[in-house]
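In the two complexes that follow, chain A is the common piece, with chain B as its partner first and chain C second.
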Partner chain A sequence: MSGGLLTALAAITLTFFALRLAAGDPVASLLSQGLTTPEQAETVRRSLGYHLPILQQYLFFLGNLVRGDLGVSLYSGQPVSAIIGSQLASTLQLALVSLAIALPLGILLGSASSWKSRPAAQRSATTLSGLATSLPVATTGVISLLIVSLLARGQVRGVQLWLPALVLGFAASGPFARAVHSGLESTLSSPFILAAKARGLNRTRRMYWHALRPALPAAIALIALEAAFLFAGAVVTETVFSRPGLGRTLVSSILQADFPVAQGIVALAAVLYVGSQVVADGLGWILDPRLREGR
Partner chain B sequence: MNFFRRTGVWQGSLAFAILLLGACATEPTGLRELTYGLTLAPTGIDPHINASVELGIPLTSVYDTLIFQDSDSGEFVPGLATDWSISPDGLVYTFTLREDVEFHDGTPFDAEAVKANIDYVMNPDHRSQKAAAMLGPLENVAVLGSHEVKFHLDRPYAPLLDSLSQVYLGMASPSALEEWGPVDYQFHQVGTGPFRFVEYLPNDRLVLERNPDYAWAPEIYRRETPGVDRITFRFFEDPATRALALEGGQVDVIGELPHHEADRMDEMSEFDVDPVLIPGQPLQLIFNTERSPTDDAGVREALVIGVDRSRIVNTVFGGNSPTAVGPLAANTFGFAEEAAFPEYDPAIAAGLLEAAGWILPEGENVRSNGDTELKLDLVVPPWGSNPEVGQLVASAWEQLGADVSLTVAPGFGPLNEARAEGEYSAIGMNSFGTDPDLLRPFYDSDGFFNWSGYRDLGLDGLLKAGAESVASPEQREQFYQEFAEQVRDAWLILPVRDYVNLVGSSQRVEGLHFSSQGWFPYLNDLELQP
Partner chain C sequence: MGRRLAIIWLVAITGIALLAPWLSLNPPGQSLFEPLAPPGNGLPLGADALGRDFLARMMYGARLSLLLTGLAVTVTLILGGLAGFSAAIVGGRFESGVNWLSNVLLAIPGLLLAMLFVAAWGPGIAAVVLAVGIGFAPSFGRVTRTIVAKLMGEGYVMAAQASGGNSLWITSRHLLPNSLPQLASYAGTYVAWAFLGVTTLTFLGLAGDPSIPEWGALLDSSRLHLQSAPRLAAAPALAITLTVLAVHAIAKKDPLA
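After this line comes the complex of A and B, so read on.
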């Protein structure tokens, strides 16, 4: 748990300094948008505390963070917590629907790629899960938009949720497929499967009832790791599909050097990531009796 | 499967699904609706406070301004003010206001409302990013009568009318401003324009509905009342998805199409592409006049003449984009055709470099003046195809015999830092705007953006005269024309390209036209073919 907190703190600290190194002075960026006089800029800089030494700024930032105060956007003046609140639901919806697609799809692809007696199915499943892992979401996203636009000229629907969820879910199914596949490879050769075969159980039953079960905990425990993947994927997916959400807000806040917003979202992501790691460990412990007995 | 066949559930659900799809596809509501694609989801859309260009696309039609600018003639015409006069010293503007106007929330529009708006913008606590600066040396607004106001200025300021014709100084309902305050007002905007603000969900959509009471359209509008009932704006930040959104029917109008997509859409009969010129400063490279070798005007001249600007513009931006010829884009007030920068001529450029002492040693690629090699550092911002332009300019300069290093700064902050360190020969920059006073921060000796480091009392004087020349637009124009000649003769910049917004629209949309700024459509005049 304390390790988790350290991870979150490290992520937040890194972001704090990286943003200042990469995006420079946020007030300069405000200046470029029309604040013309340097005096006005100086007033803004002071009111935001950007005239202080960077370490002092960092300590102030941490202090506010602990009190739950994420600050306000440099541009819209809205509290960062309100901005996150307005975008969180949309990202969660996309992530959950994608997950609901990725999990069964990954299990299907993973088990089909262990299907030795059906070489055609095995080959296509292996190819598909390879594509899922290696194709960037930006590419599959634009390609899927292109296909849908061509097929449904002028009648495109579902672009707001189903298409992005499919694209993201497809990408996220890759790791599931790999986990299921490698789990199956080891169990399919174990004696109890041979025993099941000897008892005359048919192939499908052997595969999905006996062999898959020990392979599943590894895949389920991946869900937590996938939370991080889905968030990273949401950054791209939300932009390509013009969906509201935290990912897109993060990108635009970094581009505009709206530091408080970017920091707030990264802090939330870090906490979510660490939290999901803890959940993952717990899930693995519950699902796999071998882990419990090992203690 | 057998189970499904027996019961017919399968066929039933298929039929149901088809019905559902059909129902979704038709939606016979009778409303004249259209969807407009924006290309950036702005953070903050309060025109009095925020600076983004994108906010003006929907909001120009939510607000009326005291005056409007005719985009063809450049003349100012009555808006919420029926008449105005300027005192001979240029320090007092008196506006007579319409008496028949109501805000969308029922608040009557009067002199107090104008004062409330200007006070709101000038309130330092509201941290206006653009509107306050647009008011220049404005001291205060005084209410003379129920429908008469006076603007008092500290010194003459010719850009004021232009400022007052833009959405950033549009008139908002004083009761709504008071009710919501500077943070929340952006979600509850109330104007007097042809469209009412319905809702804004950041990153998702912004919805406008026609104002049924609109009866005070300015003469620059082609219709008396709005031609559509409802407009939904959606945000398409990824350039690769914009043409697809138009083709897929997700939007009826969308701006900032990539040029190759625009060419493709233009050939299809279902779509129109309108290249809209944006006034302001072209995409340009500003030379550093404080550092060798660009401190030598002869070298700067060679670096301008030795670059085939038209070819670069054609390569990067396609055929729809004009090559820039001076410090102002061709459709900006004060543009001077006579002061155009000369065309490409590599022989003259090579001669100029030789004359400046930069000789190409036998068998070498880089010129030298005996002591040092001809080294150039080019720094460009990451946006608006600046990196591609930078690359082509760098290779043209290499052809001339220079050793060029190109740096793409990752954002405005780093660009400004590179500038502050002074380690550059030329730096990329552009800006948008209708009034030529936008040149001042870039060319005034003490201007914030004086990145050339050039200090010249003659230029300062022309810019000051231009800013203060309220009485005669003709004379004002002359100041800027003379200014353009001096900028060319000092070779302070390498002008590259006038900005063009490639706006794609579906054939069923008619009446699309834009304000002088180029970005802002007059939504009142949009019509949908049945």
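After this line comes the complex of A and C, so read on.
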């Protein structure tokens, strides 16, 4: 937990210095685009604290961060926390619906790729989970949009939530499928499954009632990794489907050189990742009694 | 995708990339035709929204996409390789420092990390290449360190150390030749990731110039004409998909597995 906090802090620090040192003076870009006069630029610089030494700026930044103040956008002047707040719900909705698709789909694909008795199903499940992990979201997104728009001939519906969630959920199901598959492969050959077979339990019950349970914590623990993946995927998905959200805001803030906004969103992603790791550890603890007893 | 098919596809697009100026019938940047002209009449894929030969743009796109991918992978392999080798060889506090830094960097997904660097440098092609290269370097650094650290425990390396070989000698004589085959088997996945990273960032418009003939950028600009000219989006989408699948089919090991 404390290690996680330290990692998040380090990631935020890195974000701060990368943006501030490499990019130099953020106000300069406003100047060069003719959006401010030199006199105004100086006022903006002072009001944002850019005239202070970098270390002092960093300490101020951290202090404000703890109080939930992420600074203001260089363009709209709106507080970054308000911008994030207004976009967060949309991205969260997309990520949660995608996760709700990815988890069962991943468990299905992962277990189906262990169905030794049905080679055809096994092979197609393995192929599908391979496609899920390797295909870029940008192309699957555009292809799905293409197919839907050709089928629907004009009137395209479901593009706001279901199609993007399906695309992102499919991509996110790959790691789940892999974790479930490798978990099943090891438990299916263990003695308690042989015992269940000897007691006459059928294949489906053996796989889904006995073998899947010890394989699940590994898949659940992946939710932490998936949270970060879903966020990165949301950046692309939101762009493909022109859906509002943090991802699109991040892209436009980068294109406009609006550093406080970009910094706030990346910092949020790092905190989110670390937080979900803690949650995943807790879930694993609940699901797998072996972890509780410290065995 | 079968390995043979994958090799054929990759050889084909590499050939097209190299020979693009001779293979294409029209220059990729000039508006010579009706906007969105349908396929036919020396225009196998028709023209784009600005009346440019789309097949020519796809061919030059292969050139740019593959070149940028190659450059980005080189950055990843050099940075990650250097960090991994030096961490494993020097050991001690330096090693734990490098490990810690890579853990921090891995806390941000590769794509977001790359976007962070583009944000710092401002959009542009060079920024995309460097950002993607750096974005995946922590992961390759970790793979390298694990492989080299394992070699460091081998008997022949310890024998070389005991007989007074300095670390430069041990690296060039033992560690490098013995780790290269393993590293190479992972490299394929990094090629796939770099390709994915480059096309994704250009798709998001982070190369700065939306008119460059590059597959990600072509996919992006074609999105506006999904209804009227679906072929414009289908061609780059298909090219990107096939390339990713082909590289994965050839790559032997996946660092995540």
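In this text, the second predicted complex is superposed on the first by the 276 of 295 C-alpha atoms of A that agree within 3 Å, B and C clash if a C-alpha of one lies under 4 Å from a C-alpha of the other, contacts with A are read in each partner's own complex, and residues count from 1 in each chain.
Keep in mind that, in the parts below, a residue touches a chain if its C-beta (ideal position, glycine included) is under 8 Å from a C-beta of that chain, and two chains touch if they have at least 3 such contacts.
Only a predicted model underlies this, so the values are computations on that prediction, with no experimental measurement involved.
When both complexes are overlaid on chain A, chain B and chain C end up clashing with each other.
Of the two partner chains placed around the shared chain by superposition, chain C is the only one that A:Phe259 touches, whereas chain B remains out of contact.
Contacts of A:Ser86 after superposition on the shared chain: chain B is touched, whereas chain C is not. Within the superposed three-chain model, A:Thr7 lies in touch with chain C and out of touch with chain B [touch as defined at top]. Contacts of A:Thr249 after superposition: chain B is touched, whereas chain C is not reached. Touch criterion met: A:Thr239 reaches chain B and chain C at once. Once the two complexes are overlaid on the shared chain, A:Gly77 sits against chain B while remaining clear of chain C. When both complexes are aligned on chain A by C-alpha atoms, chain A residues 22-23, 29, 142, 145-146, 149-150, 154, 239-240, 253, 255, 257 touch chain B in the first and chain C in the second.
On the chain A side of its complex with chain B, the touching residues are 22-26, 28-38, 40, 43-44, 47, 72-73, 75-78, 83, 86-87, 90, 142, 145-146, 148-150, 152-157, 159, 238-245, 248-249, 252-253, 255-258, 261. Only residues 24-25, 40-46, 49-52, 124, 127, 129-130, 132-133, 182-183, 186, 201-204, 234-238, 240-241, 244-245, 247-250, 410-414, 416-417, 441, 448 of chain B touch chain A when the two sit together in their complex.
Considering their complex, residues 100, 103-105, 107-112, 115-123, 192, 196, 199-200, 203-206, 216, 219, 222-223, 226-227, 230, 233-234, 236-237, 240-241, 244-245, 248, 256-257 of chain C touch chain A. Touching chain C in their complex are the following residues of chain A: 7-8, 10-11, 14-15, 18-19, 21-23, 29, 130-131, 134-140, 142-143, 145-146, 149-150, 154, 175, 178, 228-229, 231-232, 235-236, 239-240, 250-251, 253-255, 257, 259, 262, 266, 269-270, 273-274.
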